[in-house]
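Quick one: the structure is below, questions incoming.
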Amino acid sequence: MSKRIDVNNLNVYYSSFLAVEDVSLAIEPKSVTAFIGPSGCGKSTFLRTLNRMHEVIPGARVEGEVLIDGVNLYGDNVDPVTVRRHVGMVFQRPNPFPTMSIAENVLAGVKLNSKRISRSDADDLVESSLRGANLWEEVKDRLDKPGSSLSGGQQQRLCIARAIAIKPDVLLMDEPCSALDPISTLAIEDLMQELKDEYTIVIVTHNMQQAARVSDRTAFFNIAGTGKPGKLIEMNDTPTMFSTPSEKATEDYISGRFG
Amino acid sequence: MSKRIDVNNLNVYYSSFLAVEDVSLAIEPKSVTAFIGPSGCGKSTFLRTLNRMHEVIPGARVEGEVLIDGVNLYGDNVDPVTVRRHVGMVFQRPNPFPTMSIAENVLAGVKLNSKRISRSDADDLVESSLRGANLWEEVKDRLDKPGSSLSGGQQQRLCIARAIAIKPDVLLMDEPCSALDPISTLAIEDLMQELKDEYTIVIVTHNMQQAARVSDRTAFFNIAGTGKPGKLIEMNDTPTMFSTPSEKATEDYISGRFG
Amino acid sequence: SPTNEAPAGGSTDESTAGTTTESTDGAMEISGNLQGAGASSQESAMDAWRAKFQEANPDVTVGYDPVGSGGGIEQFLASAVPFAGSDGLLDSEEYAAAVERCDGDGGAYHLPMYISPVAVIFNLDGITSLNMDAATIAQIFDGKITKWNDEAIASQNEGVELPDTTITVAHRSDSSGTSDNFTDYLEQASDGAWPYEATKEFDSAASQKVGYDGTSALVEGVTSTPGAIGYADASRAGSLGTVALKVGDAYVPYSAEAAANIIAASPLSDEANGENDLAYAIDRTTTDSSAYPLTLVSYHIVCSQYDDETERALVTAFEKYVASEEGQAVAAEAAGSAPLPADLSAHVESILDEIAAG
Amino acid sequence: MATSTMPLGALSRSRRMKNAMMTVVIYAAFAVAVIPLIWLAVTVVVNGLDRFMISDANGLDSGFNLEFLNQTMRGIYGAEAPYGGIMHAVVGTVMMTLAATVISVPVGLLTAIYLVEYGSGWLKRSITFFVDVMTGIPSIVAGLFAYSLFAIIMGPGTKLGIVGAVALSVLMIPVVVRSSEEMLRLVPNELREASYALGVPKWLTVMKVVVRTAIAGITTGVTLAIARVIGETAPLLVAVGVADSLNWNLFDGRMMSLPVYIISEYEKGVLPCATDTCIGEITQYRAWGAALVLILIVMALNLIARLIARYFSPKTGR
Amino acid sequence: MTTTETQPEAAPPSDYGTHPGAFANSFFKRLSTAAGSLILITLAAVATFLLVEAWPAMTMGAEELGKVVSFIKPDQGQSLIEIVGYLVYGTLLISLIALLLATPVSIGIALFISHFAPRRLAQGLGYLIDLLAAVPSVVYGLWGVAVLVPFLQPFYQFLADYFGWIPLFAPPESGEIFTGRVAMSAGIVLAIMIIPIISAVSREVFLQTPKLHEEAALAMGATRWEMIRMAVFPFGRSGMVGATMLGLGRALGETMAVLMIIGPGLTYSLLVLQPNQHNTIAAYIALQFPEANATGVSSLIAMGLALFLITLLVNMLARWIVSRRSEFSGAN
């Protein structure tokens, strides 16, 4: 199920503003890749290009290629909708559908494809996904309550449950734990470790420990100044990045955290 | 300017649901107090009662007292609007005003209250507040752009700038850094250290290191299970809390993080 | 550039206000506002009367709200206006209310001011006139005769080639004096072929009928529907075919003179308020073939006595102008109405002279 | 899989079809609705221009001129020149509509604010209920109501511009309330909280944050409300009557309005015409000309409202 | 803050007392409450007026009423109640036609502008629709009579010829649709009239859909249409119902356009292609009002009360629909 992602010379624009410049990198299948870097350097922007979610922002466009197992996502025959089924996403802010119950939220993506899903299959899927997101115990008694009645952390876990319910090949997570308490964070981290046996996982995080703990490879993005484009500075195995980064900027950034 | 806060036997309800039960604690002036605890244990709920912000949620109500320098916030002659000018707040999710530019957002507290302020004072206030929130460099060239055009992290820093622009006595922050990168986080942490010379600061965080780094005293909240009320488990000087907590639950929670 | 701008009228809270001053030569100089309300059938004529009267009396403003006869009478009885235009007569209750409303015990008078023939119009290619008796018309409008080449029509129109088309009956869907007069004619003159009573609302139950709101829409409807028949103020017939009605032994096409003659041929209504009240019970069954029985007589309803001299002066001055030969000629030109016969005109003026201020 | 024509697997046929179909349907819906609306606009413009091609001096086909706009109907009758104009009706319509707007928008907006921000309990429920009831007042009844109200206060037969404005307000208020209410509800609570947390009192929060954020929607609502009433005839005929002279004063005397003018001219039909200088169809020309002017006025009001809204509205958004 | 300590507990220090604008604050609240109450008072006045005016007609026997009021004909079995019945039916039928035609189209337009059209174009189109929402009803009436009805007539003939077996489209006995002045035309013109209203309000609502939820749907692999169903519609549900109610309100109460277009009649028939079958309350009032006497006006106002009642019920239904799942509402 996991997929390899190769990005070649990718530029991302917001209208005429170049937000991310000339990124080339490879994301290994069955691994966790972490993106780190200061705020505004284009991590979210870049992440979105991996499942063409940037296309929903008016004016946003890319140049370059993103290959998933050798298939260019931006090729002519490729439908962004199918891309997003294969490459799931969890956002920075939790965004459960307010009009749906907790269970409906989990099943939302599944229902799109398989029109008919048996009652018991659905229940199983809800339970396994919520357990996966470490939310089951907290909500099992109120699955029919609106998703928006949960606390922020609970909502984010609901969104993760919703994303893994459709069993994507790749899972993109944009600071998924920034609203979570340590217990849930740990659970999600564990989950990532489990999922990476099958899936390719990409995570944006501001938390160095998290990056160090969960990721196999780390990419560091930086920005020279406001109005300048974000760039990939370096990418390497996580232990190498955190012990002996080859760039001065990386070392500064990481040690700024640890210092 | 700083104030001492004493909370006596506070219960917080959402309609009939008891969310936080029987909290009594003291928050020292000129210090940083951190609230930690698992998701859903009522940290945000409790924090909001310190400047009566819970009152804007329909059905939310409190029993008990919150004394600021001996004055009961819930006393008869106290106006919640005045309370909030003395006790500022930064939310979990950045919420800049979409109708206002970046500069207007910073000045919102002044302008919305229809106070007159000279052009140069306003410019100074915008600059100092934005510098305080470590955002000045990034936005100084586009102060008249809408606040919602910033990245998530930038938006949150804008909200912090907005809150400190009105120079409150007490500053409540609900996971203010959860959307920030390490550099901005550090800046905010530094800012807190600066501000605590003058202000009383209360912060909710999921980040143990942050709590350990910035706070003088730490309060640990916990929840026995879903539907149960959140409770204050213990509160102590931060070093003591992180080294020798008196409660087993606290130790579990903190070590879950460090383990 | 503004060619006809006028100063906004003075106070019209009161529907009349103004002054009368005796000028040196003894004639009355009048000024002020005079406001009437009522039937919209008179509107075109009223426009002409008002314009001409204002021209002759620059200090006077006359207004007229075309709210309908019912609304006009309502406002008149509520003392909101000093005169009303009406296509119909006051009923006994309204007569009684008028005694309350008017100063003194004299009550109100009807003055026939606007006489207009109603034409039965039709749209048949190449045919401009047909002869019909009332019974035939009644059967057509009742949906009993549905084809133009029906024997009943053909027998009265030797030599006219009638098509085999369906007759579409166009009638007024709103309450109107025209419908009232038309159905009154059918009821009185058709020897029972029209089984209904005269009303302001045309009965629309049968099929192949279609209702139109207002004369304009009806005329447009007939014009755009081949094979349609309807009824409308004769001045609006335009190029449509019209029906000559059987009166006595002759077929009488509509004309202004024939329309005016029906007044002479008709008695005053039983309910009339004394001999100064010219409320006519139009005799549709007349056999006098100089008269056209399908005629609408629209009245101005005035008080026999006003409590305010200014009001009286304004009303009588205006109404005298309306009834005068000149006034009637202006209306005939602008609205296509039939001028009052000279003796009736004089009679109306003498009645107006007797109206007193109390 | 990677080498198939759809490298990442195709979208199921039914889903793709549905999406394509709905896209077509939506484009079609747009076309279907816009055609008659544009057709209407074109009809009014084409017919409405006729009257502007007539001048008192030269009769028919005298080229475009604005006599129609700066004449009244005082002293005009029949089909001969002068052909009369609508200055009085334009003034009347604008004055009465503005007065109605000035009455309705504050009341309506404040009521919407009450319902969304303050209301609770029976008062809120009953206001909601009665606003709904109010949308059901037939327009002529509103006219009768205003007329009777002023008849009681000022005596029978009181017909003034302001009476008409009151009648129109009765029709306008519920539209303003309903649409503003919908728009205010959509403002996220986060923004209210952000403002409260800055120590901004509730009323300033409502005025400067909530209303401002929703201003575009509110303006649309107000425009709809104006459109709802500016074409009313029956209530104005009852409450204001008709006039043929210019009158700027809402509190003195009758006023003409464009819709009443349109209907009454249309109703007069083709006038009898004996000479060749007379224009029997002048009434029809006037009716369509007035309709055109009425639409232009509404557009102008709309434009003004939009400019106001743009000045205040959110800096981003689609 | 030394002063606070010396102050007695009972009197809090001034810096927690009422804020400078406190008066304005409570004044504003009172003002908005007063505005709401003003509506109640106005309505109470209108209701009283209506009841007082309608009372004479409502309490009079049919026979008696028929004698005074020319449009009620007891000899044809008519009574006030019966006429009201026909009118209520006609009003609902015509409004229903209008609503069925207008709602889907309007939602389509709103979506087109909010989610399909390119941004620049969308703004212009939004403006166009707003302008069209502002076309007065008199003009719709004029246009309907002069242009649309003649245009529709051949289509009606076609419908009658080929679908006449459906009771709805049955032609008159002669088989000939000789006029377009029928309930269907009135419904169509009303639909055209309310389309801009419904779509203008829905568009505003759709535009407010949180990006967050739209993105959530898209990221799950939803197509644009599925995203609309998942995120936009649920969020805009209450707004759409509100918009439809605004449109329906206008359709129910519309006078001039209906009056000018329809050939009215009083029946309970479904024959929307035949004239003389239906009429609406508002149009009926306007038709009879000019010639009505005092009791006549009273009867007409009684009919106005019926329209009142219909609108009320319809709106209550709408409120109920919206509130049914209000805890799932989108706004917060």
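Chains: A, B, C, D and E, in written order; residue numbering restarts at 1 for each.
Definition applied: contacts are C-beta pairs under 8 Å (C-beta built on N, C-alpha and C of every residue); 3 or more make two chains touch, one makes a residue touch a chain.
Here the structure is a predicted model, which is why all the values come from computation and not from measurement.
Graph distance from chain C to chain D, where chains that touch are one step apart, equals 1. Judged by contacting C-beta pairs, the busier of the interfaces B-E and A-E is A-E. The chain with its Cα centre farthest from the Cα centre of chain A is C. Per-chain CA centroids place chain B at a distance of 48 Å from chain D. Between chain C and chain E, the centres computed from C-alpha atoms are 39 Å apart.
In chain B, the residues that touch at least two other chains are 81-83, 85-86, 93, 113-114. Residue positions of chain D touching 2 or more other chains, listed in rising order: 11, 15-16, 19, 188-189, 199, 201-202, 204, 266, 317-318. For chain E, residues that reach two or more other chains under the stated contact definition are 19, 21-22, 25, 119, 210, 223, 226, 286, 289, 297, 332. Taken together, the chain E residues at the contact with chain D in this complex read 19, 21-22, 24-25, 27-29, 31-40, 42-43, 45-46, 49-50, 53, 104-109, 111-112, 114, 116, 119, 122-123, 125, 127-128, 130-140, 142-143, 146-148, 192, 195-197, 199-201, 204-205, 207-208, 210, 223-226, 228, 238-239, 242-243, 245-246, 249-250, 252-253, 255-256, 281-282, 285-286, 289, 297, 301, 304, 307-312, 315-316, 319, 331-332. Of all residues in chain C, those touching chain D in their complex are 1-15, 35, 37, 40, 43-44, 47-48, 50-52, 54-55, 61, 63-67, 71, 75, 78-81, 214-216, 219, 235-236, 238, 333-336.
Residue ranges of chain D in contact with chain B, taken from their complex: 188-202, 204-205, 208-209, 212-213, 312-317. The touching residues of chain A, when paired with chain B in their complex, are 37-40, 44, 92-93, 137-139, 141, 150-154, 175, 178-186, 206-209, 225-227, 253, 256-257. Note for the complex: chain B touches chain E at residues 3, 68-73, 75, 77-79, 81-83, 85-86, 113-114.
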